[in-house]
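Heads up, the next two complexes both have chain A, just with different partners, chain B and then chain C.
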Partner chain A sequence: MTTTAQAGCVTLSARGKVYRELNEEIRRAFDGGAACVELHDVIGHRYIGCGLSGSGRIVVHGTPGNDMAAFMDGPEIVVHGNGQDAIANTMNRGRVVIHGEAGDVLGHSMRGGTILVRGSVGYRAGIHMKSFRDKRAEVVIGGAAGDYLGEYMAGGLMIVLGLGRLPGQPISGIYTATGMHGGKMILGDDIEEYRLGREVGKSDLDTADRDELQRFVEQYVAAFGGRVEDILNRHFVKLLPVSRRPYGRIYVY
Partner chain B sequence: MRKWLVEPDFLVERDLDRCINCQVCVRQCANDVHYYDEEGELVASDSEHCVGCHRCATLCPTKAISIQEAPLQFRPNGNWTAERIRAVYKQAEGGGILLTAMGNDRPLPVLWDSLLLNASQVTNPSIDPLREPMELVTFLGRKPDRVKVSAAADGHVRLETQLGPQLRLQTPIMFSAMSYGSISYNASLSLARAAREAGTFANSGEGGLHRDFRPYADNMIVQVASGRFGVDVDYLNLAAAVEIKIGQGAKPGIGGHLPAEKVDAEISATRMIPERTDALSPAPHHDIYSIEDLRQLIFALKEATRYGKPVGVKISAVHNVAAIASGCVRAGADFVSIDGVRGGTGAAPTVIRDHVGIPIELALAAVDSRLREEGIRNQASIVAAGSFRSSGDVIKAIALGADAVYIGTAALVAMGCHLCQRCYTGKCNWGIATQDPTLTKRLNPDVGTRRLTNLLRGWSLEIKEMLGGMGINAIESLRGNREHLRGVGLGDRELNILGIKAAGE
Partner chain C sequence: MQDVWREDRHRKWIRDEKDSSGCAISGFIHEDGRRESGDAIIRSIESMHDRGNGLGGGFAAYGIYPQFAEHYCLHLMYDTPQAQQVTEEFIAASFDVAHSEPIPTRTLEVIRRRPLLWRCFVTLKAEVRDRHYDLTDDDIVAMQVMHINRAIDGAFVFSSGRNMGCFKGVGYPEDIGRFFRLEEYEAYMWTAHARFPTNTTGWWGGAHPFGLLDWAVVHNGEVSSYGINRRYLANFGYHCTMHTDTEVIAYLFDLLIRKHALPIEVACLAMAPPLWSEIERMPDEQRDLVSMLRAVYGGALLNGPFSVVVTFTGGMIGFNDRIKLRPMVAARKNHTLYVASEEAAIRLICDDPQQIWHPRGGEPVIGRLRQEVALA
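Let's turn to the complex of A and B:
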């Protein structure tokens, strides 16, 4: 983890700026050919990277506000701090790395791209996450998740490692994967049945799952440090929807 | 398979003197009502599956077919009508939610029919729209609190105030949100083309924007709903405006569900979900649990589109609609669309369609009054929806305070819909609410486009006639001008909410 300016980066200070001004400056920097924008003094500025396309990189120092990377289509955002709510809302492509914790509604309706969170996240992470053709939403949460994790999940991969939890703290809250009808969830600890939605079944990982998990744990370790083997030593469980059509038989006419 | 106790809704009768056994009806009916009896070498019918769409009767070359409501099957009962008894039978049979389509068909009072318009006599002359200019152009979007103008040396007046993005409508009528998936490719294409030809807007609905409709995006409003289907940054930036769909008049408060069997290759590509998977729209947006959250999404969309286009919010007309609309405006909506209890749908639980929400007339008047009282009416345009059957309904809505209206059912009817209310079966014999290629080809998009533009032209001409009759030469002058409305047969309470006088006052 570095907090010094990176080579070739345009450096901007968010101090005294409202989000609209800051985001316009970021766009101008990329339009002007910058490959990377480094933001300092970010204190709750919303919509960083919102609707941004291309392959640029944004490095955030501080605490970015809600809806960071919303509708984003390609860029990478690295946050040296905690993220707030609705990160990567409806994101299409791109990568978000949070060197801290994140708030509620992480990756809501996200269709593609990757999110790595070092610590824990709030409620409703991965809600209605999707996949489509070559796109697949992929989320790795290092710590624990709040209630409603992966509710309505329609596709993609949600991994919660469960590292660094308080004694007795569950890996995920209640209503986990309720209404899930697509995609896969891997949890780094067992979870009680009562925390799960009726629409999913719990099973052990197979070889393909373990290979996939390893690839993402390697990404996690590359971003945040630690040892891959230590993490993979945990007991992982897999959640899959029991039906692709949880609500298929409720109508008459 | 014949359901226990459930009798047919309709009786199909064939005049054997007229029938020439040409089998047009056999080919036209997707519900398999008509069949060719090889043994008797005759076309015959089984009323069992008739939905009353009249496709066969309309196309029968010898007019041999007539469709009647099934004659009395139950002892007459003002409370337990045949329809209610049948509904109980169906649910006892299948044990599920009773599904229906199109708008509320209960005989709810239609207040448009209790409102009457004014006209000039003697004291202020009426205007003849055939000879004098009559302005229907309407701008949707946020208007400033005050405008600053300056006069140049050459006498030209310049607007100094910078206006926010606006939609320019040639006539104050737009096509309501109908997703590709709920209606066919040809029906969607007809709406998009007609919107462009008429200088107005069609609405993509919540199912994304098919690549073939993208050339019409300048005349399209795109929706962002709870399922976020087909929403990406291109979709947002191509469109003329973005509408956050919170509610729909036919099903306030509940989500939606496009069944997997309808998600074919094209619909999958448009919604950006895998083929043959269910498209579930959750009841709420899970990033909107408050007005503050709504503001957050409105501004996320403005940021994503660089403040270049209006962002609106569509809500159902429910009890506290005025306060909710006020919240939407304060949250930054540039237009608020309000869909009344008679608004249509491709599929909704019957009990919700028929019993939830309030009529658009009262909702519209309440919202317009509330925004005026709060001094924020200029901050957003109001689009009224929820069953406009004629230009008379439209002009009354504008006098009550709407900037423009959305028409859905009327547009479908223009394309041939006979209101059989079976859109959800996917077997629309008129080729509108179906994805079956043998059915969709029945609607020629050139014909669909022409019929829709004809409808808009006819209604616009009628609106000009009515405006001229009132001595008004611009629709702007009628907007919220309730002096031009009078009520008949309404109580004080309704008159008060509508903000109008009784006829004779």
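Let's turn to the complex of A and C:
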């Protein structure tokens, strides 16, 4: 373990370490008073920041493994690379910034905090995201999303900007927002009705939506660059659930 | 059915019909025919150690037996010397055996209760060919493999292709790879599997890859349609003997591509067709083709969550279930195509891939040896 000149920042190499050792070292660094931990040579190490609380910052260089930031409660993780599957699984509080793409089930059952992804994400991003009282899960995806985006979404905010897509590439796959019964989704392009679950309705943004969108686009630009006005210039649509209990008739006796 | 739960043997008779699993897969093909040792594939699969649980690991390697390139190489597991004797007599009746030897292994403390592991390089006898004048060599060999696996107690053929081989057993894949001394082989294509069996016990024959002729399949997931697929395959003489769902995938590829001569993309469409709601939106010609495939090959439809890597002489297919319930990442660099359950498993053995992507569900990723590359 080496401490850099920057006060309170610890630099660790993940090379040759199994994830358990690495995660123990991260915890020890924060327990020892570090404000920030910088990780190098990360390649598939799982559970980085899992269950971690406090207000520390982790900077990852490489490809972090599955379930990064799972159950995390407060810290910030910045990834210089691509993320794998199940990032921020059931995250409670904190912030995740991915300077690349992310795999499947991003923000699975996330309960609070913010995720910013520069590029595209795989299938089932935001599946069963939630909000409760002061907690609200917020996700901004810069590129496109795979099928089942926001499936069974129960709360929170999902924004997909749709930047940098290939010609003809849709902003989101099929079964978008299927089973969604809470929260709000904002997409940076129109989406065909057949791609949507029956449980949502599509509409234009109102002033409050646009103000909120602008705040998140500003965060996105602050993290990854670009121009706020260029992004806001796109045609955005909003998806809202038509019912808060779409399956009430099926499961309630 | 005797000695069902015998502890000291690998288990041939297991009551359960199938197993499902949360596993790891990895594979690559050098399309320019360049060969390399098993070191890289072992490192790749080892990085996903936690996706398996030590109850199965295995590898497939292509281009490893150039000195016997025209011979079928049978890899066999025997419970007992008696099983070996019976099997060798059966083999000698149909085949000329050019060479026969134990599969080289190294002593590893963690690899235990292993069966006798043997390989032989064979060609069909002329009189057997004459007797089965209406069958191809591949048909006859597949039939003999089915017979050994079904009818000879304590014997299993776990690899039966030409110039390729499967290596597998109970253990973590990195240990299985070292046990089989894979660093001593040179292949242009490697695949690997880490197993996490959930419905049946881990046993040597039940590890992946599943091989028949030069097909080898490594699989993460569960084939929910196993019963339907198994019954469908039985119509064509394929008998499922491995007590795990993956073997139906190997036989379906053999049936659809080798026997029915479907192009790879069409075979994949038959096995993981688009949903009916998607088919309705297709242009007429495409809708007709896909509807027809769904009607004709209903019994070949693979349902359930899976990602697989299927390999054959000269090619590799990465392939997901149509709603992508298991992970799969693909990458390309120069002349090499990589497919794995996790991106890190590729990056570990491939610095700075030129392209790395998440294939869509049901959309095959195909790598092929370039035409001009001589295989032998």
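One rule holds for everything that comes next: the second predicted complex is superposed on the first by the 242 of 253 C-alpha atoms of A that agree within 3 Å, B and C clash if a C-alpha of one lies under 4 Å from a C-alpha of the other, contacts with A are read in each partner's own complex, and residues count from 1 in each chain.
One rule holds in what follows: a residue touches a chain if its C-beta (ideal position, glycine included) is under 8 Å from a C-beta of that chain, and two chains touch if they have at least 3 such contacts.
Computed from a predicted model, the values in this text were never measured in an experiment.
Trainee: Using the touch definition from the top, say if A:147 reaches chain B (first), chain C (second), both or neither.
Mentor: second
Trainee: Among the partners chain B and chain C, which is in contact with a greater number of residues of chain A?
Mentor: B
Trainee: Mind working out whether A:111 is in touch with chain B, chain C, both or neither, as first, second, both or neither?
Mentor: first
Trainee: Thinking of the overlay built on chain A, is A:33 touched by chain B (first), by chain C (second), by both, or by neither?
Mentor: After superposition on chain A, A:33 lies in contact with neither partner.
Trainee: Return first, second, both or neither, reflecting whether A:103 touches chain B, chain C, both chains, or no partner chain.
Mentor: Once the two structures are laid over each other on A, A:103 reaches chain C alone.
Trainee: Once the shared chain is lined up, is A:16 touching chain B (first), chain C (second), both, or neither of them?
Mentor: Neither chain B nor chain C is touched by A:16.
Trainee: Once chain A of both complexes is superposed, is A:46 in touch with chain B (first), chain C (second), both, or neither?
Mentor: A:46 contacts both chain B and chain C.
Trainee: Once the shared chain is lined up, is A:66 touching chain B (first), chain C (second), both, or neither of them?
Mentor: The answer is both, since A:66 touches chain B and chain C.
Trainee: Kindly classify A:225 by the partners it touches after superposition: chain B alone (first), chain C alone (second), both, or neither?
Mentor: Neither: A:225 stays clear of chain B and chain C.
Trainee: Which chain A residues lie in the overlap of the chain B contact set and the chain C contact set?
Mentor: 19, 46, 66, 85
Trainee: How about chain A: which of its residues touch chain C in the complex?
Mentor: Residues 19, 43-44, 46, 62-63, 65-66, 82, 84-85, 101, 103-104, 122-123, 146-148, 173-174, 194.
Trainee: So in the complex, which bits of chain A are touching chain B?
Mentor: Chain A reaches chain B through residues 19-20, 23, 27, 46-47, 50-53, 66-67, 70-73, 85-86, 89-90, 92, 105, 108-109, 111, 124, 127-128, 130-133, 135, 151-152, 154-155, 179, 181-182, 244-245, 247-253.
Trainee: Spell out the residues on chain C that touch chain A in their complex, using ranges where they run on.
Mentor: Going by the criterion above, the answer is residues 47-48, 50, 277-278, 281, 323-324, 327, 329, 342-345, 347-348, 356, 358, 360-361.
Trainee: Quick check: in the complex, which residue numbers of chain B touch chain A?
Mentor: Of all residues in chain B, those touching chain A are 90-91, 93-100, 226-228, 231-234, 236-237, 257, 259-260, 268, 272-274, 277-278, 280, 282, 286-287, 296-297, 299-300, 303-307, 349, 422, 424-425.
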